[in-house]
Each structure stands twice: as C-alpha cells, then as structure tokens.
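Below: a set of structures, written as structure tokens.
Common to both upcoming complexes is subunit A, partnered first by subunit B, then by subunit C.
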Partner chain A sequence: MASEHYVIIGNGVAANAAVDILRQGDPDSRITVISREFFPFYYRHKLRFVISEELQEDQIVVRPPAHYREQNIRLRLGQEVQRVDLKEKTLYLKHMEKVHFTRLLLCCGGWPRIPEVHYTYRHHFTIVKGLSHAREFKEKLAGVKRVLMVGGDLVSLRITETLLRMGREVLFLIDRDSFWPLTLTDEIRTEFAERLTKHGAEVLIDDEITGIEEVAGIEEGTSGYEVTTRREKRISCDLVGAFFGLVPNVEFLFSSGLDIDRGILVDDHLQSRNPDVYAAGDCAQIWNPAINNYWVSIGWENARLLGEVAARNMLGESATAGAPKESALDYEGLKINTSWWHIYD
Partner chain B sequence: MTELNGIDVTFRICGAAGDGSLAAGSFLNRAAARMGYHIMNIDLYPAEIRGFGKSVAHTRISDRPVQTPGSLADCLVSLNDLHAITELDTLAEGAVILYDSKPPNYVEEDEAIAGFIEPGMIGYGIPLGELSSIATKSARSRNIVALGALSGIFHLPSEYLRDAIRERFTRKSEEIAESNIRAFDLGLEYANTRLVKADAIDFEERVPGARDDVVIVSGNEAVARACLDAGVRLYAGYPITPATKIMEILAKELPKQGGVVVQTEDEISAIGHIIGGGFAGKRSITATSGPGLSLMSEFLNLAVMAEVPVVVVNGQRGGPSTGLPTKTEQSDLNIAVFGGSGDSPRPVLAPADVTECHKLTVKAFEVAEAFQTPVILLTDLFLANRVEDITWPEGDLAIWGRYENRIADPVAAEDFKRFVITPDGVSPRSIPGTPGLHYPATGLEHDERGMPEYSPENHLRMTEKRYLKFNTLRDAWPAPVPEGADGELDVGIISWGSTIGSAREALEHLHTTDMNAGGLFPRLIWPLHEDALKEFSSRSRNLIVAEGNYSGQFANMVEAVVCREVIRITEIPAGPIPSERIIEVAGGLNR
Partner chain C sequence: MTKDTGQSGAGKQASGYPFSDPSPRVSEHPRDFDYIRANIPCQWACPAHTNIPGYISANAGGHFDASYLINRASNLLPGILGRICSRPCEDACRHGDPDLGTSVAICHLKRVAAGRREEKVPPEDLVFERTGKTVGVVGAGPAGLAAAHSLKMFGHDVVVYEQFDHAGGMLWYGIPEFRLPSAVIDEEVGFIERLGVQFRYGQRLGEDFTVADLLERHDAVVVSAGCTRPYELGIPGIDLKGLYAGLDFMMRINRGDIPEVGERVIVLGAGFTAFDCARSALRCGAKDVSICILGVEELLTVTREEVLEAKRENIRIESLVRSMEILGSGAVEGVRFARNRLGGLDKRGKRKTTPIEGSEFVMSADTVITAIGQRPDHTFSASGLDREPVFDEEGRSDVEGLFITGDYLSGASTVIESIGSARKTATLVDEHLVGRTRRKAMVTIDPGEDTHRQRSWDFIEPQEMPLLPFQDRFDGHSAEVELGLTSEQNLEEANRCYLCNLKYEIHIPDCIYCRWCIDQCPRECIGLVKSVESTGGHLGTAIEWTERWDEVAGIVIDNERCIRCGICLRICPTQCIHVRLVNMVERMVIEGEVDDGQ
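Right, the complex of A and B next:
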C-alpha cells in the first residue's frame, strides 16, 4: 500500500473527512489535497459573519495548513485542476504542472446556480460561495444602501438577516422555483414573505427580472442598477445578490470521460465507473437503490459523511452511502424540511 | 526585512545561467541607487562552472544605509522554477513570489514553484515567456518582463529602470535596447492591468533623492580602483575565486597608467614578483584567497625579514584547502596573523564594507611603505563580490593616520645602513640604483648594513627592531572608537571585517530595546589596540565576539588581551552571519 498516492480535488468538508480516514488507514501513503481556493479549510456557513465583520477571516478556519504538514499531507492551495486524464492518471493544473495519482477522490463541491433565464445578467450578480466572494461582497457593501436579493435559498435567508442587521435596505424577490433546496408551496412562500417583511425586508412574490442595467448609484460617485421586472416594476438598488442554490461543480471534468449528469455519477460506494476514482460531497450524484435513481445532496454534514464513506472504500472497505438524516428549518415557527441542509447559527 | 514605515525590501532573482537573473539584479541595483535608495547586492552561484548551476541576484533596497544584504527575502522572482524552489526557505513571512504563469509545456509534479505557494506567501503569475516573445521574439527577455512587473507591482519608478536597461543594451544596438524596453513595458502593463495587488510592499513611485555621483561597486572593484588611485605599478597574481576580478580589472586599466600586470604560474611566483616590485620602490600588490595565501607564506617571511613593502589582498572563502570556493568565511585570520615562520610580524587590515575596501587598500600601501613591511588586507568572498552604492572617497583618507615614507638621503650615503636601529624601528630605505645606497636584501638574519649576521645579540636586536616598528604602527593608527552607548554596557559587541555590518545592524536593533549596547570594530586587526579592547571590555557586562569562522580566531586573540571569556558567535553559515543571530544571542543574555 505504501506506493499509493491519493489525490483529492477539494479542501472542503468532504475532502477533509476523507483525508482523516485515509491517513489513519494508510499511514505510509502519499496524500495530496488540491484546492483552487487560496485559503485553508473553513466553515462556509460562517461567511456571512465575515461579510458583517463580526468574525475575522482566521476565525472561520477549521484547519490551518500546519495540520497537513504534521500529517504528512501535501496541501496545494490556490491551485486549479483544469483537466483530468484518467488513462494517464494525471491531473493538469492551471499553472502548467502535472500531478499523478493512483487513486482520485473528487470533492470539488458545488457552485452557485444561475438559472438559464437569468444567464444574461450574470455579470451583474453578486454571489457568495467562497471566501473571495465574501470579501468582495463586504467591499461592495461599503457604498451600498439598498440590496436586491433575487432567487432565494437558505444562504440568501441568512445573508438577508445579516444585511438587515447591518442597516441595509433589502428588497427580496422570491423566485418560486429557486428557493432551493426547498420547494415552496404558495402557503409557505407567503408565510416566509410575512416573516421577512416583519424583519424589515421588502418582499416581492410572483415576479421576475426582465432586465438589469448598470446606472449611477444611489450614493453619489457609486454605481448601481436599475432592475425591471415582469410586473413592470422598476427597482433601483446598489447591489444584486443572486441566490439560486448550489449545483455540482463539474464543468472541468466534462472531458475526463467520467459519467456526468448533474453531478459525478457514482454508485452507492461512491465509486465512479473508473475503479480508481471516487466522488463525495456536493459534487457527487449518487446511486440510491431504494429509489432506483441518482440523487444530489447539498449540505455540510452530508458532505462530511460522504467523504468518510468514499475514503473507507478507497482503503478497500465496503461502506455504503445511506441517505443521511434529514434536517428541518425552524424559521420563527415555520418548520420546513431542508433535505440534508443542516441549520447552523 | 520589509519595513513598512520606510522602504527596506530584499529581492532574490533566481534562474539558471543564461536566464539573466544577475543582469536583472544589476538593473534593479543601478536604478534604485540612482533614485537615491541604498542598496546591497550579492550574486550567488555554485562552485561549479557557472553554466550548469543556478544563479541568484540578492538585492536589498532601503531608504536608509544598509549594513547587510538581509537574510530573508521579501520577494523571489523565479526565472527557473527548479532552482527557485530551492530558495523557498530563504523567504520572509508574507513574501511575494513572481513566476512564469505560462511556461511553454506542462512540467512534472513538484517542478513548478506555483505548486509550493502557501498561505503566508503571495504569488503573482505573469506570462513572462509569452510577453518576452511578443517583445523580442524570444524568451530571453523574461528577466526584463519580470523587472517591468516588479515596477508595476511595487510602484518602483519605471523611468529609472528603463534607463538602466537602455544604457546596457544600447551598447549592443539601438534595436535590442528598444525591444527590451518593450519587454519591460509589457511586464509593467500586465502588472498594472491584470494583477490584483495583495502585498504590502509599496515604493509609491518615490525617488528619495536622485543621485548622479553614486556608483555601484563591489568590494573587488573598489580594491582595483584603489590600486589605480594609489599609483600601483605592478600587479602579479594567479587567478582564484574570489580575487580574480581584481586582476581582470587591472589587466585592462593598469597598463593605461603605465603599470604592469603579470599573470604568474602560481601564487609563489606572484608574491615573488611583487617583492621584486616593492624592493624596486614601486607600489606592488597581489590578490588571492586562502589556498594562495598558504603558498605565499614563505615569501611573506622574506618581505618581513628584508623589510620590503608589498600588499597582499586575501579574499577569504570557506576552507581549509579548496574548501568552499564560492562561499564566504572569515577563517584566514590565523594564517594572516600567525602564518609566518619565526617571529614574523605583519600588519593585517580588514575593511568592513565596499567603501572601506577602497580606503584601506590605499592605506595598506601607505602602511607598507612607511613601515617597510608586507601588509595583508583581509576581505572575504561576501565583501569582494557584494555590490553597494557608494561615492568614491576623496581627500587623503587621514582617518586612519598619516604616515611618513622614509627614504634615505643619498647625500648622507657614506656607510649606508639600510636597517639602522632607530627610536621607532623604521630605517630610511633606499631605492635600488641610487648611487651609494645599495645594500643586500636578504632573508638571512642581518646586521644594520644588511650583511648576514647570526649572533644571538644581533638576532635579538633586529627582531626587537622589527617589532618596534610594528608597535610604532599601532601607535600611529588611531585606536578604534567605540560605537553605540557610553558608560556601562549590558552587552558589548566586538567584530571585524564584513561581519561588522551585521553587528552594527544588531546594535541598531538593540538600541530600540531597553538594552545598553555598544560595539568595537577594529580595522587594524594586527597589531591589536590592546588598551581600547581592555577599556571596552571593562565597560561591558557581557562581551560578544562575532565572526565568520568556526574556531573563534579573533575571539581567541581578544580573550588573550582582555583576560576573560567572551561570548562567541563563531559561525560558518556559508554566507554572512545574519544580524538576527547576534540579536538573538544578545537578547538572551543576563544583564
């Protein structure tokens, strides 16, 4: 086993759960962790506190780089895998370096979904997936009075709370189909809207964007947006936050030969069609014999469990990815099933 | 050594031979010095023939005078990733790494420096090769693109860098110069438009004080220039690192002044030649390093015995034997001071910096002539090769004394006693060929006329005479003046040669603490100013001797004088002792 080189794409919760199992189970192996983010493993659900400056960046770190050195794990941060060659068992990094693996674990997470109808406006949208986005969001907020939140997902809900606490005006345009991972019934949507309004946000339902134009901002010397909607509303704001949920981040794998649908298709052992390649976390689309279909699940705790399962199987065990416990959101008395999304304060 | 209030930035430009890292370093030095910054540069390359190894231009730029090249770099420019990766442990916290983001081919695992950039470092990827090809149709100007990028990232005034580049390439052709300026501008533009500044180094386009009189000179160049200024007529030598450069310069320049350069078959012959020159009354010099000095030891004794003025420059490097030919050390002190057979006193001088390489070389000739003796000037590889911004010293350099060159009067030539006993031990000498003033110059013990004489009484008298003039020199040479705090000291630091820079930098730092610290830095290393050492020791609760050798060669000499044990910082790190090391030792002392 000493000659194994486990390479893990990703340094999120799935990757780190896997790394612990791999190091424990195969102490002499080489392990390499590659992440295109140039920041150590951190809690994504705490990003909103970075935006509000209630936490410093280093306070959201789960594991500093020193941990990997101690465990004899090569941590490559700020390095993007652009291509995977399964035949050669080689990864091609953006900075023109090859990395060879014997077994590969894909923990490349999700990426903010931009629905096709909104694709043309994507350059105007501000998203929050990683720390760099949070930094950008924080910087932009400095000159911002009014924020338009479009789409809607659990992240947007939290960020709205944060923005209101920070004294910003928030206009929330709830998109029926994208309050992801929830499917909103009309009743729940109305109840949500009520609660958001109570918190100080202005809520628009049953409407959608039909145009965004960059204009002078509300504050002098700043830039802002003029947004028009299907119901012929004209909304002036300084920032448009887009929150339509996360989808598996798999574009860079399209040429790899792996089976990809919404995510990377793997069996219930998280093994892909290539016996040396596994996937776990938000990027995986996993076979579930019970429903006779593949499922994608987004959520922190779920990703952690999947990381562990994948690692065990890579070590030769036979673990299966059962559906994790579902979570429920209690939003001021409004209880909603949130699939595998765990609620963190 | 980034100091954010002022500018104090250390760069390392690393490549393989042919990548132009040293050229880029020299442009950076020249430009920064002309802007009015102080610089210290040292080019590093391995012992093997240059073509195979890595070469690194290490440059420190500061808006205050710099004493050392700084130990850790704030910015590493990689022109060859395989070599640059080996430089990663020389980087300071938060260092910037500038690398080629688009090499022509994928490299194998762990062969790209970008793969080693971690939190705590800042990486800037720039398509150096691609931009170079656009500008000059070849990848050869990657170093110039990198300079342009440095200018953009750190806001270094670009016009000065362009001038330095233009000056160099215009010598080749106008076209080459312009294409390199294009390469520079592409690097600059890329940095300005495509990079997001993430570091804190900022020259703010500042030009602290443009200077025209500044020259960028290495220790070796300063020695060579001093030879020309001092009217040397003969240089004889055998090539050896790090002294060869002196011969190279003089081979070009000395004949223009009517002097002669002889490349001899070995070092024995070299010193033989210059003893001839000195005997003939012409200023004569050789330069070598440890192995050469060993070979010269017997002829040095002849010069002592026959009282012939010559100057021997010894650029110290790691030893013994061939040792570490391209690494600095200060371990030839013992052979310089004690390396003679019999009682063989010879003055030893050691400059602290490049300016002093010039001043003390001139002084060495004066001392050699006035006291009719061989003089050894101890530099070292670090001092010989390092480059500083200086202005050439003017005037008579009297800070190190004024000496009379006593020539016998031909009118009083009857019964000429070349070695006559005088109250100060110095006998008027004659220039061969002067009627009536001829004499035998011999390695045998001799009487006042120079005739062989072996009686114990004569041997004692003449030995005393040779030591007497040696003591006369000590009295004529001003005692070293203590630096730093007066009165009782928590720590006194004694050092010599190129380590003085580190010791001074350490003192500067200690003065920012509540520690009472002072320094004593003799340039006349032998004979020692014993009283000055004793006085300094008596004021110092703790006494440190810092020097670049293992056995504490100077510490041994100091202990013999001050009769107490000193705290030794005697290290051979294959580079200068970092000031941080001295600070660390001093900081840990009981007060």
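Right, the complex of A and C next:
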C-alpha cells in the first residue's frame, strides 16, 4: 500500500494531539503540519501574561520546532492555506504553492466572533486570538490609560484582571449576548456586573454601542475613541477590546465544497462527508447522537480530545467523540456552566 | 502544456497577430465571446450582461448620467436593481478571487449613478420606426416591463395587461418599502410609460380576458405573469390561526393591510421572501424572530448583505432543520422540527437534506410564516385555447404568436434574471414580427490607454453601506435601511475596480526581453511562451507556456490573472505594451459592421 500523506491544517492543541497518535500508529507515513502563525505551538490561555510581560514569549511554547524534526514531521509555519481542492486532494497556499494529501485533518481552530450588530465597528476593535494579537495589544497598551471592553466572555474576564493589575482603567460594556452561546438571565448579568465592579472595573449593562469614532489619543501620534451608546453615553477611551467568544474559523473552506454550517460538519467519528477529510477542535461542528444535535466546542481540553479521536479514526480505528463533560466556572461564587472550557491560571 | 485561454497574446508569426492591425473591430465570433466570459467575469455573470466596467469607470469620473444610461441599456431599472439586485456579478468579480480580497460593490455603485444623475429623465430611446404591429404583454412585473420596453423600442405598439392596480409585480407587491421605496419604482416605470407603452390595470388573464382574445387583438402575445401558485408545506397544522403564507403576508403589508403577529415568530423558508417576512414581522411588532432553513447559511441564495442585515436586526437563522408539524389547538403554539443532515446534489443541482431519525424537537411560536416559494400557474397561458400550448426553453410556443417569459417561464428567479429573460424574448418576438434579427450581442475592440491606476487602489477596503440607525427603523414599514454610498465612498469603491475590459498586450517584435515587466508584475501573470496560435475571432488564442529560454517565442500576458494595474505598461523601456478596450455590448444590427476576423 502506498504510504499515506497526512496533512493537518493547524498547529494548535487539536493538531498536536492528532499528530502524536498518527506518528505512533503509522510510523512510516508522511505527516505535514501547516499553520499560518509563525510561532510554534503555544498555550493560548497564557497570552495574557505576554500582554502583561509577566512571561516572555518563549515561556508559553508547548512544543519547539525541534520536536517535529525528531518525529520526522514536516512543520510549515507562517504558511496560510487559501483554498482546498478536494477532487485533486490539493491545498493551495497563499504563496501559490500546492500541497497534496491523501488524508486531511482540519484543525484550523476558532476566530473571535464579531456580532453582526457590531460589524461596522470591526476595524476599531482590538481582539486577542493569537500571539500576534497579544503583541499588538501589548504595544498599544503603552500609550493607554482607559480601555473599553465590549462583549463579555471567559477570555475577557481574565484580560480585565490583567489590565486592572497593570493599572489601567477598565470600562466594561456587557453585551446582550455575553457568554454567547449561553444566554445569561438579567439577574446573573447583574450579579456578574457587581463582581466585576468589585475588581475595580466600571460596568455598563443594558446599553449598546451606537457609534465609534476615532479621535486623537492622549499621547501624540496615538489615537483614541469616542464611543456613543443607545443610552446616550459618550465614552472616551484609548482602546476598544472586543470579546464576544470564538466561532469556528472556516471561511477559507467555503469554496471547497465541504459541508459547513457554523463549523465543519462531521459525524461523531469526526469524519466529514468526504471520507478522507476529518475535522477536530474549535473548527468542528459535530453530530452527537446522544443529544441528537450538533455541537461546537470551544476549549482547550476538548480540542485535545477531539484531535486524538480524529487521528484514531484516520488510522482505521473506530473512536467516537462524546459530548463534553459538565463543569462550571466559579467566578467569585457565581457559577456559569462552561462544560467546554477549562479554567487555567 | 497548452492552455486554451480564449485570450490573445503575441505570436511568432506575424500573420493573424492581433497587433498587426489595432484598428477598431466589431465581432460576433464565438471565441471573442469566450474571451469575455473568461476575462470580464462580472459582465458575463449578469443575466442582462450589463457593461459593468463601463459604468464603473463612468462613476469614477463622476459621469453619473452616462453611468445610468450604460446600465439602463441592459438592465432597464438601475435605481431599483441598485438596491435589490441579487448580484450574481459580484460573486464572479475578479477582485473577489481568493488572493485578491473582496468583490467590488457593483450593485451599490449602480445605485449611486441612479441617485446622483442630473438629467432626471433619460432620453427617449425609440430606435426603430413604427412597424404597425401590436403586442399584448400580460403582467407588469420586471419581465413584463422589460419586454414592453424592448418591443416599444423595436417600433411595435405595446399594451400591458395587469391584474392589480399598480405596475412593478413583485417589486411593488412583494419587496418591502424599507428595501425598495415605491417612489423609485414609480420613477423608473414612468420612463417606460413615457415611451407610449399602454398599461391596462385590473385586467386578469383567465378571468377578464383569455389568451385567445389577446391573440385576436394583437400580432403577438407575451405572458409574464410571474409565479403565483404557492408550494404547499404538506404537514399537519397548516390551518391554524396565526399561520400566514409568505407572499400573502408581504402583499398585505405592501397594500397597507398590516397583519397581526405575535411576539415569537418562526419563518419557514430560505429565499428573499423569507427574509423579507422576518424583517417585516419585526416591524409589525414581533420581538423574537427566527428563520428556519433546511440547509446551511452558506448555501443561501439571498445576498450576503440581506443575511447580515437580518442578523443585525437580531433575527436568528436556525440551520439544518425541517418542519414536521405546526403545533397548537386553534391557534399556532409552535413548530415540531427534525434536525437535518446535508447530502449530495439533487437533480436540479441543489443540495439534498435528510431529516435525522429521532432528532425531533419543538420551538414555540405564536406566528408561523411559510415562505417556501411559488411556481407559475400555467392555466393562464392556455386560457381560451382548445389545447395546452407547448413551450420551448426560450419561451416560444407551438401557438403562432404566443410567448412566455420571466419567472412565468423559468420558475421563481430574481429580478435581473427575469429582465434578462424578457429582453431575449422581446428579440424573439421582434424576429417573429419582422422576419429578421434586429438586436444582437457583439464584442467591440478599440484602442485603449493607460488609466493611471495606482497600485494603492488595489488595497482600498470595500466601502460599507451607510445604514439607518436601529432606533429609526421599526416605526412602520417604509424607512429605507440602506442609505446609499456617499460621493467619497463612490470614488473609493469605483477605484477598486480593475476595469477588466482593458486588455494589456505585448507587441513581441518590439520586445527586447529585458524582463522588467515580468519582474515588476504584482500578479506573476506575464510569462514566456513557446507558441501562440489563433483559435479564431480577434481574441481567441491557445498559448503554450515555457520556462526554457532556448524555446521562447515571445512574452505574453495572461489576461485572466492580470489585474490591469498598468505597471508593465509604464515600465517597459521600448513601450511595446499596449492597451485595448474590449466590450460586450448589445447593438441594433447595422449591416456590414461586423468583422469576425476570419
């Protein structure tokens, strides 16, 4: 049998969990890992420490490139897949190179969600998904006194703590669908606001942005923002952080003919309708017969488990992805179900 | 490898070499149309073949009257289409290729031209002498209007019979005012009335008159009665109070008879009507509106802007669900759904969906609107005849003088498709009446010049449509949501367009192989060739590329990749790069003008 060429798009936790299983189960195969990020595999939850300079960048690395060399895995960093041709089993990279595969695993992760109501303001928002964003955030913070956080997700809680520790003023505008995909009751939202206030943030609820204008910043050459709200508040700030949760990052796959809804549609073996294509981690939308519904899980530990399941199935085993286990975030006594998300310090 | 690109380049041999005679040409050669298909993808994709680069360059120069007329020559209703067109051109636009960013906002630019033109009434476009023939057109929707307009231009007398009391068809009775103000419809319909087309309102085919009557009154009859028969959902519960058929719902709103809706509304369907019903339900006072679709958002046929705007208004899209039963006793209380799985393509090329066994669930609602589409009622076109006429794909029938067009021919489509269809039908009707073809698509090739395009224009961000603030949207049904691009945005957006009707060519005999153009070209689309063969027409060529200098016969531009930046033209030390202007236009046939280059 001709040897397989497993190609994995992504170099996050799902991809790396899969790679380990694939290498173990098929020692002679070719394995290629492609990531558009230039940086090696790292802990995303530690990005806030890069922002606060409590950790150096190399301290958040999970696996250095040498590891892949030792395992005879081709690691291609800083290379973006622009298009997938399933018929030709070919990936088209942004720099016009083609990569062929025999089996493809999509571990392309999530991307910060910008709700449609805020779409027009997207150019003014600062987001944190990867290391490049963390670097940008850190740089911008140098000239920043007051940060407006909009949305409200688990990442924003941690970043707010970090910003307050760094001595910045934080104004938090909690969105109507904060903690998306959960819907918080008004009561929980109020309690949540109280706790944020205790930490030193100023909190606004039941209001929303109706305009953002870029203005000159406090320091020369910098810019700031004038934000207006439905309740006719005018907020001056130096940076607007948008934290509305993550959604599967699948736009580049639209032309591929793969089944895509919110994420890449796969069965509980993480196989797509194309038998040689699998998906795992934040990018997958998985059919779960136990709950009779599709689910998308955004979170580190689940991504790892899903990466393993996909790889086993690619090797011919029959592993199934179960629904994530129940767990809850305890934010100062306020419990929020976060079965998909683990709390890391 | 030989790639037949449908484009021209340079050749070893001087014979048949395009630049041997760069004088203007007009062609009908199929290979020249192939060139248009591959090289001006937006124009080819527009069902009316609107000259898009032509009008966008007019917009860029601030020549809005000219831009409006270029549009009107093909699509007749630029002010209307500039708001609600389904925009197949934008899906095809070269600027939207994966490595080039986002398509040009072709449609929004059309609206700018319509809104900013100074000459408020376009010149009368009666081209031919009166023929003394008369044509009856049934239905004053976009197809009926386009057919009537073309037939009037051909010199025939035209009477339009419409069952309702207003022209526009679904433009008037279907599409809500907050997307398409009625004044815009009236203005553009007025231009057609002004030509002398007669409108008879309150005249229903099959009731007030028959096709047989019309065939007696007129030399030809065109039925463009649209799609009026709703598909049935075929599930239990469709008689409950609180359930509306989508088209009825919209027609009531557009007539000012506002239906009652509850707080929670479920819309079943995935097309323009479903989205309009959902957004209109909010304006009727609903608080929580979901559109439930069988497939996935990515496969929706409505425009992306429509989906975005619905979501901005806080409408949820529930994907991969199939309604199994409308629940309630007396009045609607909810819908029982099953989750769907996506499958392969069905016979019509649409994605199949199958319900997953055991996956049923209930969503509560107090109003359900079914917007699953309509089809034509073909009993109309048989009225008064002793047998059912048989129609071919182009709408000709086996009854002398009877034609059908628009959605009545194709089934539910879009405004621009029905206009494209009706313009073709009008040409067939004219052929039938006068015995020859008097309007044809042609390819014109003229000398062009450097546009002084700046490279920075390739990186201009797409301009966002200014929108009505939320607080001003929901008081009634008529506040237009999209406000139109500003003058500055018009210029920025127009500058984004590459003007793909320009064709950059290298004149090989003057080329000194310095490779400057190859090195500077941002798209790596200039290459060495082993041979270039003409495949017919002026523009058809088969090119054999090579990387070996010992077999090079020339340097050629791959126009399908070229983004018309002009860098090669400006950098070439021997000025051997030239521009030609290639356009596909519809022309009245003038004998002796066509030269196919054969």
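Annotations
Please note the rule applied: the second predicted complex is superposed on the first by the 337 of 345 C-alpha atoms of A that agree within 3 Å, B and C clash if a C-alpha of one lies under 4 Å from a C-alpha of the other, contacts with A are read in each partner's own complex, and residues count from 1 in each chain.
Assume a contact is a pair of C-beta atoms (placed from the backbone, for glycine too) under 8 Å apart; a residue touches a chain by one contact, two chains touch by 3 or more.
Because the structure is a prediction, the values reported are computed rather than measured.
In the model built by aligning both structures on subunit A, subunit B clashes with subunit C.
When the two complexes are overlaid on their common chain A, residue A:Ile298 makes contact with neither subunit B nor subunit C. By the document's definition of touching, of the two partners only subunit C reaches A:Glu116; subunit B does not. After overlaying the two complexes on the shared chain, residue contacts for A:Arg76 are found with subunit B alone; subunit C is out of touch. When the two structures are aligned on the shared chain, A:Thr210 is found in touch with subunit C, with no touch to subunit B. Annotation for subunit A, partner touching more residues between subunit B and subunit C: C.
Using the contact criterion defined above for the overlaid structures, shared-chain residue A:Met96 touches subunit B and also reaches subunit C.
Contacts of A:Trp287 after superposition on the shared chain: subunit C is touched, whereas subunit B is not.
Here subunit B runs into subunit C after the superposition, and of 133-141, 223-231, 439-447 or 475-483 the stretch doing so is 133-141.
Shared interface residues of subunit A (contacting subunit B in one complex, subunit C in the other): 92, 96. Contact residues on subunit A toward subunit B in their complex (touch as defined above): 38-40, 65, 75-79, 92-93, 95-100.
Interface residues of subunit B, counted against subunit A in their complex, comprise 99, 101-103, 105-112, 114-115, 117-120, 123, 125. Those residues of subunit C that touch subunit A in the shared complex are 98-99, 296-298, 308, 311-312, 314, 319-320, 339, 341-344, 356, 358-359, 361, 461, 464, 467, 469-471, 524. Listing the residues of subunit A that touch subunit C in their complex gives 82-83, 92, 94, 96, 116-117, 119-120, 123, 210, 230, 252, 254-255, 259-262, 265, 273, 287, 292-294.
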